[in-house]
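These notes concern the structure reproduced below.
In order of appearance the chains are A, B, C, D and E, and numbering begins at 1 in each one.
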Amino acid sequence: MADAEARKVIEMGYGGNERLAMNMGPQHPSAHGVFRAILTLEGETVVGVDAVIGYLHRCHEKLGESLTYVQYPSIASKTDYVAAMTAELAYVAAVEKVGKIEVPKRAQYLRVLAAELQRIASHCLWLGTWCLDMGGALGGGATVFLYCIREREGVLDLFEALTGARLLYGFHQVGGVRYDVPAGWTQNVRETLDLIDSRVDEYEAMLEGNAFFLVRTQGVGTISRELAMDVGISGPLIRGSGVNYDVRRAEPYSSYEDFDFKVPVETAGDCYARYRVRMQEFRESIKICRQVLDGLPEGPISSRPGVKSVGQVRVAKGEGYTRVEGARGEIGAYIVADGGPKPYRLKWRGASFSNLSILPHILIGTKVADVVAIMGSVDPVFGEVDR
Amino acid sequence: MTVPDAWYLGLSAVLFAIGIVGVIVRRNPLVIFMSIELALNAANLALVTFGARLGSPDGQALVFFVMAVAAAEVGVGLAIIVVIFRSRHRLSVDDLSLMRW
Amino acid sequence: MTLPPIAQTAVAAFVLLNVVIGLVTYVTLLERKFAARMQSRIGPYYVGPHGLLQPIADALKLMMKEDVVPSSADRWVYNLAPIAFLVPCVLIFATLPFAPGLGLADLNIGVLFFLAVSSLEIVGLFMGGWGSNNKYAMLSAMRGVNQIISYDLPFVFAALVPVVLAGSLQLSAIVTAQQGLWFAAYPVIGQLGFIAYLVATLAAENRVPFDILEAESELVAGFRVEYSGMKFALIQLGEYAHIIATSYLGALLFLGGWLGPGPAWLGAGWFTLKAMLVFLLLTWVRWSFVRIRVDQILAISWKLMLPATVLLLLVTAFWVAWRSGGGA
Amino acid sequence: MSAYLPVAIFAAFIVAFAVVSLAVAWLLRPSRPDPVKLMNYECGAEPIGSAWVQVPLGFYLVALIFIVFDTLAVFMIPWALVLRTAGLPAFWVMAGFVGIIGLGWLYAYREGVLEWK
Amino acid sequence: MARAAFVLVALLAVGAALGLVIKKNVIHGAMFLVVNMASIAALYYMLGAEFLAVAQIVVYAGAIMVLFIFAIMFLIPGKDETGPDPRRWQRALALPLGALLLILLLAVVAAVRGTGPPAAGPATSGALYRALLTDYLLPFELTSILLLAAIVGVMVLAKRRPG
């Protein structure tokens, strides 16, 4: 059987019998989870990509229909487990929109703070794993990875102090947030931010002064502006291709209009441009966090009292879609409510899923080594792709 | 208990014969190529043996140049095989009875 | 009670083999500790005081591991590959003199022997990659052949610079020639030669940034992806032996080998110190760079390293020839 | 001969070490094969065909040129050793040699063969 | 001692040569060629030509690597020398003819044995180096032109696409 398949693969190509079909994933060191790309190779050059997803499918949308508005936010964080805060935010924002529920100013600010810290943490992991993809677990990549994980740990410690959890928080709830800041926490946040701010300078010095890093990233995996718009990618990817689009700016939510920040845009569209965008986002996020801390208003953290029963929140019949800017791009949640304690239908728009669809367009013609570099620069999280 | 020169020459003869038989028997041009290398090396061995017997560096110098020639030959020969393969997609010397393609 | 010469040689060879194996096991620990420091970690710590027994634990673990031979592999080629890989890698130690007279065989074509035997490593590597019938291993082997042949030449030419300066291929003679001044200290020529040697070494030993053979984020582990247990250990051993031997050669060719202050018996210590310095230099590079792509690696070799080293060699030769009498 | 005897003995020891350590490991290790375990690793998916397929030619043109430069390296060694006694004339011999081969390198450079497409 | 070593190496060389010719698999053939080349290098050393021994390894190790690559490139699964052989009878003649050649060559060797001047011992490598740059200066220099021709030839041939 294997032989027959091999022959099929060989005869598949146009005239040549020099093609090799190879699985890259699901169990691959740089599959970023469980992604399977069936690459067709001519020597080292990729001539065909077939993506297989769904290895991490957990029926999130069905779960959303069977869990109540009170229960689901902590499950929502499991879609994008690297940046759980923004996933929760997307869900509760959708519920609040459909149910026309007010959110106190302090809660909005805390949500922004959590989202931006989460973006920093997520970008730390991205930078580390991306360098790991290019530099190897037994090389310079591992060094950057460990440095980045160190920084991410700092942010996770803050989250732990805030919510008691390090990865999946359940921080958001309909109508506000669940926990107020503990004593002395804001000071810790400031210190961590200062540290990360200085470390980002170090990373830039380490990577941008490194000729090998530059040749691996510049001009690799270029996404043109038109292609980016056509495929519908979002987040740092589309901003790396010269499109100035950021949900925080285009459609401000959760009081983002109160803060002064820049939306970084690069025009080259290659891996390096995406890297630059994310590095600037580090700085912008830090800036936003400081503004939040400076202007954090007093007041309640939720417009609804604490949780007494799981069926406590009921939303009137209606439907609505909200989107937030996650670390990877636009995360959307669409809810159809039927008046009960659970939504009738929940639909997720995962940023990684849409971003991943760019791969077939830019992988063809690259080398095997570029495949992992490009995959890393897209920064997919498979919890969010497969849901 | 030194080894007599004749032993080296005998070995050289055996290897040479095997190389020639390989050239005739096999159909894969690559193997034929390797067989030619084999025969070439057998001849080199004989040259070095004679050089040692005469006590002059001439034998070794000759082998030295043969190596250079062999390198050039391997390069060009393989390139020719590449060209043939590209135009025929077959790998049997029996198909190559014509001096053109 | 003196032993017959052949028995003496056998004892010496046995001792050398054990020294090499001991060196390799502990140099891996050194590298891990060094890398850990670079990455603000501690490194192996729990097995023995400060993790000193870690290499032994690793070796035992590898011995106890099940040996999985893929059913579709070419069994003969697959099983012989670790040995074919190990032998040239360790054999190059045979010609290294650790101190005056303290070496197995100070051949009068020492450098050439070293270069020739170390280039045979590719055979074992290729056998492993091809014999596994694994696509990653296969791609790795193809990359390996290309990369190693590409960097063999700059490596040879860079290593010939000290040979031209010393006028001998014998390793001990090269050290003696550095009595006045280490070759690395020769203005311009020495430094460029040393740098070229280091770069070519990185590539020839498949270290990051040139470790496209192993490339675990693309090719998982390259040509040894299907190896496990002791066979994997032998390949690893060979690889590290090769790196260490090349470090020793670098220290010998450019840094004056065993020359150093203090009594003569310190020579071996000085030599090892210098070799470890070279090794740590390579390790430092390894843990700070990302890996580059195949085509870029080859372009660097053919467009830059090859002409540069040949020119360097010619310049060195001109200087030596001019100084030695200005022509006959 | 005598100088190489230690080398031969050393080589024999290395082979012996490899064989003995493999044998010891063979005694110590478990052996529980099963068909899935013995399958080739291809990221956990069933391998698509054999790895033994053809590899495109174009990429390895540079390998053919390598043989030529390898010969250059071998030619340089005797020259490097007699340089001191032969002096500048020997240098000019090799300069010419390298110059002529350099033309080939230049041609290859301009043809783009040195790039790995 | 030396004779035993010779017999060992010679057996290795002959075995590898036979393996190359007999084994169907091109890759195995290339590996046998490596063994053969290495044993011939050992024989060179026994004959006192230490430089040649190492040069043999350097040049042929390189060449072998390239052969490896090409062996893979030509390895077409299932197509390697199978199917009916159109010239079977011609090939069958190869063996007796090869044997005849061998007998002739061995006869020549046997005939020259013991004649000629006594073995003068090997020339030193130093003598070889000097000879290469004095007596053999012209061929030495001309080799560069040969190699240049090889480079250009390789590129002209291999870069051409079938028309």
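We take it that a residue touches a chain if its C-beta (ideal position, glycine included) is under 8 Å from a C-beta of that chain, and two chains touch if they have at least 3 such contacts.
Everything numeric in this text was worked out from a predicted model, so none of it was measured.
Participant: Find out how few touching-chain steps suffice to connect chain A with chain D.
Facilitator: Steps on the shortest route: 1.
Participant: Go through C-D and B-D and name the pair with more C-beta contacts between its chains.
Facilitator: Most contacts of the two pairs: C-D.
Participant: At what distance in angstrom does the C-alpha mean of chain D lie from that of chain B?
Facilitator: Centres of chain B and chain D (C-alpha means) sit 21 Å apart.
Participant: Please compute the C-alpha centroid of chain B, do the same for chain E, then give the distance between them in whole Å.
Facilitator: 5
Participant: On a C-alpha centroid basis, what's the spacing between chain D and chain E, in Å?
Facilitator: 17
Participant: Report the inter-chain centroid distance for chain B and chain C in whole angstrom, where each centroid is the mean of the CA atoms.
Facilitator: Between these chains, centre-to-centre, one finds 33 Å.
Participant: Enumerate the residues of chain D that touch no fewer than two other chains.
Facilitator: 4, 42-43, 47, 50-57, 59-60, 63-68, 70-75, 77, 79, 81, 85-86, 90, 98, 105, 117
Participant: Would you mind listing the residues of chain B that make contact with two or more other chains?
Facilitator: Correct list: 64, 67-68, 71-72, 74-75, 78-79, 82, 85-86.
Participant: Mind pulling the residue numbers of chain C that touch at least two other chains?
Facilitator: 72, 107-108, 112, 130, 135-136, 138, 142, 145-146, 149, 152, 156, 220, 294-295
Participant: Which of the residues in chain A come into contact with chain C in the complex?
Facilitator: Going through chain A, the ones touching chain C are 2, 20, 22, 28-30, 41, 43-44, 131-143, 146-147, 150, 206, 210, 212-213, 215-216, 367-372.
Participant: Hey, which residues of chain D end up touching chain C in the complex?
Facilitator: Touch list, chain D to chain C: 3-7, 9-11, 13-15, 17-19, 21-22, 24-26, 28-33, 35, 37-43, 47, 50-52, 55, 59-60, 62-63, 66, 69-70, 72-73, 76-77, 79-81, 83-91, 94-95, 98, 102, 105, 109, 114-117.
Participant: Please give the residue numbers of chain B that touch chain D in the complex, ascending.
Facilitator: Of all residues in chain B, those touching chain D are 64, 67-68, 71-72, 74-75, 78-79, 82, 85-86.
Participant: Within their complex, state which residues of chain A touch chain D.
Facilitator: 2-3, 5-10, 16-28, 31, 36, 38, 42-45
Participant: Would you mind writing out the residues of chain D in touch with chain E in their complex?
Facilitator: 1, 4, 8, 50, 52-57, 60-61, 63-68, 70-75, 77-79, 81-82, 85-86, 90, 93, 96-98, 100-101, 103-105, 107-108, 111, 113
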